[in-house]
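Going in written order, the chains are labelled A, B, C, D and E, and every chain counts its residues from 1.
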Amino acid sequence: MVKVSYYPGCTLKNKAKELDKYAVRCAEILGVEMEEIENWQCCGGVFCDSSDEVATKLSAVRALACAARRKTPLVTVCTACHNVIKRTLHALRYDAVFSERVRNYLGDEAKGAENAEVYHYLELLRDVVGFETLKGKVVNELKGKRVAAYYGCLFLRPGSVMQTDDAEDPRIMESFIKSLGAEPVIYPMRNECCGAYTFFEEKEAALKKGAAVLKSAENFGADLIAAACPLCRYNLESSSKSLPGGAEKKLPVVYFTELLAEALGVKEARYGM
Amino acid sequence: MQRTDRDALVRRAVSLMNDGVCDRVLAWRRGEFSSDVSPGVFTDTESVEKELVRNFFCGANLSKYLISETEKTEKKVLIFLRPCDSYSFNRLLSEHKFNREKVYAVAVGCDGTADIGKLKRKCGALSDIKRRGDKIIAESLYETNEENEENEENEANGAERVFDLEDVLSERCLSCNLKNRADCDEIISDGGRDAVSERFFEVRRIENMSSEERYEFWRGEFSRCIRCNACRDVCPACTCEKCVFSNPSSGVENKAAANSFEESMFHIIRAFHVAGRCTDCGECSRVCPQSIPLHLLNRKLIKDINILYGEYKSGESVSQISPLNSWTENDADPSEVAELLERSRSK
Amino acid sequence: MECKGEALCAEVIRISASDVGKCMRCGKCSASCPSYDEMEYHPHEFAYMVSSGDADALLESDSAYKCVSCLTCSERCPCGVAPSRLVEAFRIIKARERSNAAFAPERSVFDDGEIPGQALVSAFRKFSK
Amino acid sequence: MQDKQINGYRPKIAAFCCNWCSYAGADLAGGNRLSYPCDVKIIRVPCSCRVDPIFVLRAFRRGADGVIICGCHPGDCHYTSGNYHTRRRMSLLFSFLDYLGIERERMRVEWVSASEGAKFAAVMNDFVSEISKLGENRRLEDVRCKEQTETRLSEER
Amino acid sequence: MFVCHCGTNIAGTVDVEAVADAMKSESGVVYSATYQYMCSQSGQDIIKKAIRDYELGGIVVCSCSPRMHEATFRKAASSVGMNPYMVEIANIREQCSWVHKNREDATSKAITLARAAVAKLKLNFPLTPGESGVTKRALVIGGGIAGIQTALDIADAGYKVDIVEKSPTIGGKMAQLDKTFPTLDCAACILTPKMVDAAQNENIRIFSYSEVESVSGYVGNFTVTVKKKARYVKEDVCTGCGLCTEKCPRKKIPSEFNLGMDNRSAVYIPFAQAVPKVAVIDSEHCMMLKENKCGVCSKVCTAGAIDYTQKDEYIEEKYGAIVVATGYEPISLERFGEYARGMSPDVITSLEFERLTSAAGPTHGKLVRPSDKMKPNTVVFVQCVGSRCEPSLGKGKEYCSKICCMYTAKHAMLTKEKYPDAEVYVFYIDVRTPGKNFDEFYRRAAEEYGVKYIKGMVGKITPDGERLNVSASDLICRKKLEIKADLVVLAAAIEPSPTARALATKLASSMDTNGFFTEAHPKLRPVESPTAGVFLSGACQGPRDIPETVAQAGAAAAKVIGLLSKERLTANPCVAVCDEEMCSGCSVCGNVCPYGAITYVEKEFRVPGGRTKARRVASVNEAVCQGCGCCAVACMSGAMELKGFMSSQIMAEVDAICRTSR
């Protein structure tokens, strides 16, 4: 059993409880114990992309320090949290001014944070568990399903910091889908933004961008879309609802963990055959 | 008390001499007490049988003697190589210091050797020493050491004192985990030790001092140097035909240090000249009559090399090239070295 | 604090730590921008105007809020300029000028029971005008 | 700051410059009239790899307060690999002297190409000001050399 | 001691009289004078007269940089019988008067510098340069247009030349091109005659399908081992009839020449005009070589040229000069996922476009979409893909690839010529056309042919049904563009050939950060490498077009001819020297020498007691040594020294410099 530190994030404890539950259960099956870190706080939802902003990143520093103290890698399921945490880690390591200011704020609480290791749940599957191992544990193959992976922005960009995969031509989610027995659909909009961040202020624009993603996936023959980010999923679903046409024509948008849970037999089959 | 007992060595030496393979044997020679063992060249079987010794006090690295001894004979020179000696052996070979054809190398295992200084500080003059499992039993001639005076219990034991093996081992053996790396003609036994202490602990301690403290520390150490050249003469990496300190045109020619600068200079240049070649055999510190921890100079360089240019153990093979004589395009810049080393230290 | 002209550009460069001098005006950022049509000023113009020392119009325009922070412009910039950070700097400057966050979304959005928490948080932090 | 005494103290700087890049860079600094303190005195060597650690010690012994070695940028060595050797040797030497408690800031390696006259001047200005802050070299000097020089010079006067 | 005023250049800041006066009292100095311009004829006469009158052993000139006039003063000294290496220069202009303003400080520094020069001079000793012969044969590495032209020019002057080409035929990239700008004449029409000339010239030998294995020696005397890879076809027997290629059962191998756009067989001739026109068997795909099954080619070959047992052959040859002409390759566009190279076959590179329009190409010159072989109605060209990129991002190259603007204009024009009704777009950052008739050419594309030039880089290309959606922004009209294209052509940046790096190491020749060979001087010695005897031709030195390449090839040939015409060469006398008494033969110096100039020999030495002892000592080949001094520092005992820069000399300078009061 490999032990990892787990940072769930607010949304997973609230609107996306299932994402949290399935992730932990599935990890167990795959030989990974996800221990929730104590006293975690909201990551802030968005990484403030500036050189002089410190306060909004401290929560991520605390999470990193906590994982470093436990000497286990820090795993997140939510892509938005992962983006904030990974970019904060990068800033800690390479931005001396930032890391000094962080130390001034947090003192010992920040100790060792720069030594933490950070994984997205998908990276955990790829780099620690291995997609081959995962394939071996699948009990309900999602045969015949054409699944379009939706990466969005936060999982891949900035490429030099996230280093998840090739930012312009990623493969990690497709490999994941393949290992569950489904057929991945590669479509052009998979790493284009759905515009979810502007949902409140520019709702129409956000829905339009979401619809473009859906259309592209549909054109390339997808049966459903797998997302890794609650924000994307929400926006894509909203976009889907706003489109004309009957409910039965809608392209379902699901969390990748739901597919994982189905394949591993943790969740009742719904999207598989 | 050593993995390979003395008799096995003697038997091999005698038979090789009788067979006419070797006419010279490089080994350790018995002294008046069991603790004063010296390196010895044996030229007849009689003295081998009488004087060859293999015990807890056989500290000397014999490899360097091959340079002169192989010149003296037409036959082969027999040498016993402990794991640590094998590194010096390889290093000398890679610098073409002797003809391998004229050497009969025999690998012998090692459990570590005693730090005589440590033992003497603990129990004064030694008369005999034995080993029982992991304990070392030392018999001293007199009972005049400080610790005994303080501790009455020990007086009840008379002159016999018991130590844990690790308490009296020399420092280099505590961090040793070497395996015999030489291409030996024969192996009698090849076991070595497992490290129980971290090799760079002391170096790190010094690194963590402030600049002034380091300066004062080394000033204090170097000021004791009497320029006896024992460190240089024993060092298996110091094999120049003519030493730079005896070369009038080198600009550093110097027989005796006249002031603090020259004291430091000698050790700086010596450490730098053996950098990348030093096998960390520790002979320099062992023979220093003034107990200057010279090996800490070499180890600093070894540590830096390992961090900056990748793990490197001098003497691991004959074909290796010293990191000081090679390079890669992506080596660290001198301006970033301090930070790199600092970072590796904080890890 | 009134921030204008060269001072504004200097502040943007400081906050963004983006080297606008490297921009070679290729326009790949704008070509990649999903919000191009909604924006009055486009990513390459952010870089160009900041480097030219007159970016007051960008502060007045609401182009910065049309940006969806997808970072595609920075990802594809051949010169390593990071227009997204420039845009972010304008949002930050405006946010810092305000005493209180003036986020006032339409009431209706709260009625949807499915909005993820992070959407609200990020809207408060970043995208409220 | 050029040619101006700093708190009345003038450091002594020995600068080793490789013939192909840095010496030419220094010439270019001259050609462009980019000034730097006259305390910097240049010694021409064919390649930065000709600089023996012994020379560095020699300079300190004779009372230099700072030693700087300039070579072609890594990869641009006229002799293909000389400066790579310099880079390793000096990295280790500086770290080693630091370990012995000798101020690391007194020694520097800089890569200055033949076209970087401005960089040469900037580097020298920076180095001199840093050495001025450190003050006289006390930890690695040969007092005899110094006394001799000073008595000799006073005699000369 | 001669102190130069250099007009007011020196005297303006430095009190030259004071310098000369101070030096008079320096021990060893017997004469000290100043003059307005030391380098002038009358200045030199003063020096010559003083040398004669005072029988001087050496002189110091305090003047401008030695890089300026060292040679002048050395020549002057040697004209009156003084060894030129007994001249030292104190640089009191560039490194003193020009950089310091305070007269007192500058004067005192000038005195110090003069003292240092005297201190060094006292330890100087006369040096005489060595001499060596010249092998009258040149080697050209690379058989593209650069290599062919260089070889032809050298052969024309009557010297022997060998061309080593790694692929089975010479011709290089130019053989793959269709038309050439700005005249639009066909590349094959102007190149293939040259290829044939090279093959028929009796002074030229062509080693095709060969590589340089190792290089040793030095200018005038290189020894090179060439590895002739086994081609399993006897080169002298094969008639190039091509029957074997027709009958070979393995036919589905992507053709290198056509960039994988069509197939070749396992035994093949790269293209119809190949030189030598000899078949080659691809050992990776040949059934006979892999599994010992088949043997069809051997059966059909009437000449009996097939030889499955052929082995790699090593040929050793001596050369006086080497020319590098390794050319370029387009970069891999792997890191440009946004351009959908992997998703659609209709996104091609410019070199692929050349093959598509070439009459000898996979479509016989018919410009069609690779996916469905249909006529493209809308063609989009994207310039600068991978050029002009921030290098730290690791995606592309920092430099401008130079040739893309022109060939893209050419491609756009050719497209319009073939399909006048097609829509042709060119997306550019800048259009760079500095060449004879270049801008006129580009304007013709825009004006006469109606090619739409749009300023702005393309953001993303996405397959959309059968077509490609090109997202771009028009920076001038401030407009977002979404163009539905049938074919997209990417002008990929060019980079040095991947084989160049290893070759540079073998030649001890330096490369810049981009992997292009560096020239000895960017302006004044553009075709010579810093390594004596090694010359550069064509794109191995940086991006260039055909006219420039040919010009440079001729220049390199001229330099080679100049070298080969000499009977003897004089070497730099400032080389390493080993004191054998002190040398312990440890090999350290040999390990650091970049030129392999140090070898080891066993020598007998007398030892006390009247006996002798054999000892291994280092020996320096003075013709190979370039005098960097790395070995002298690596040597622990100080046995190795560098003439002209002895440790004692440098230390004397250090002492003199540090002697000044604080």
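Observations on the structure shown:
As a working rule, a contact is a pair of C-beta atoms (placed from the backbone, for glycine too) under 8 Å apart; a residue touches a chain by one contact, two chains touch by 3 or more.
This one's a predicted model, so the numbers in the text were calculated from it and none came from an experiment.
The set of chains in contact with chain A as well as chain E comprises C. If chain E is ignored, touching splits the remaining chains into A, C | B, D.
Of the two chain pairs considered here, A-C and B-D, the higher C-beta contact count falls to A-C. In terms of Cα centroid distance from the overall Cα mean, chain E ranks first. One simple way to say how far apart two chains are is to compare their mean CA positions; for chain A and chain C this gives 24 Å.
Centres computed as Cα averages put chain C at a distance of 47 Å from chain D.
Centre-to-centre, using mean CA coordinates, chain B is 38 Å away from chain D.
Centre-to-centre spacing of chain D and chain E amounts to 33 Å, using the average Cα coordinate of each chain. Looking at chain D, residues 53-54, 58, 75, 81, 85, 89 sit in touch with two or more other chains. Annotation for chain C: residues touching 2 or more other chains are 72, 76. Shared contact sites, meaning residues of chain E that touch two or more other chains, fall at 338, 393, 460, 592, 634, 647, 651. Inter-chain contacts occur between A-C, A-E, B-D, B-E, C-E, D-E. Those residues of chain B lying in contact with chain E across their complex are 71, 94-97, 239-244, 247, 249-251, 273, 321-322, 324-326. Across the complex, chain D meets chain E through its residues 2-3, 9-12, 14, 23-24, 26-31, 33-36, 38, 41-47, 49-55, 58-59, 62-64, 75-82, 85, 89, 121, 136, 149-150, 153. Touching chain B in their complex are the following residues of chain E: 581-588, 591-592, 600, 613, 615-616, 634, 636-639, 646-648, 651. Residue ranges on chain A touching chain E, taken from their complex, read 160, 166-169, 186, 188-189, 192, 216, 219. Against chain A, in their complex, chain E makes its touches with residues 335-338, 340, 342-343, 393, 460, 462-465, 469.
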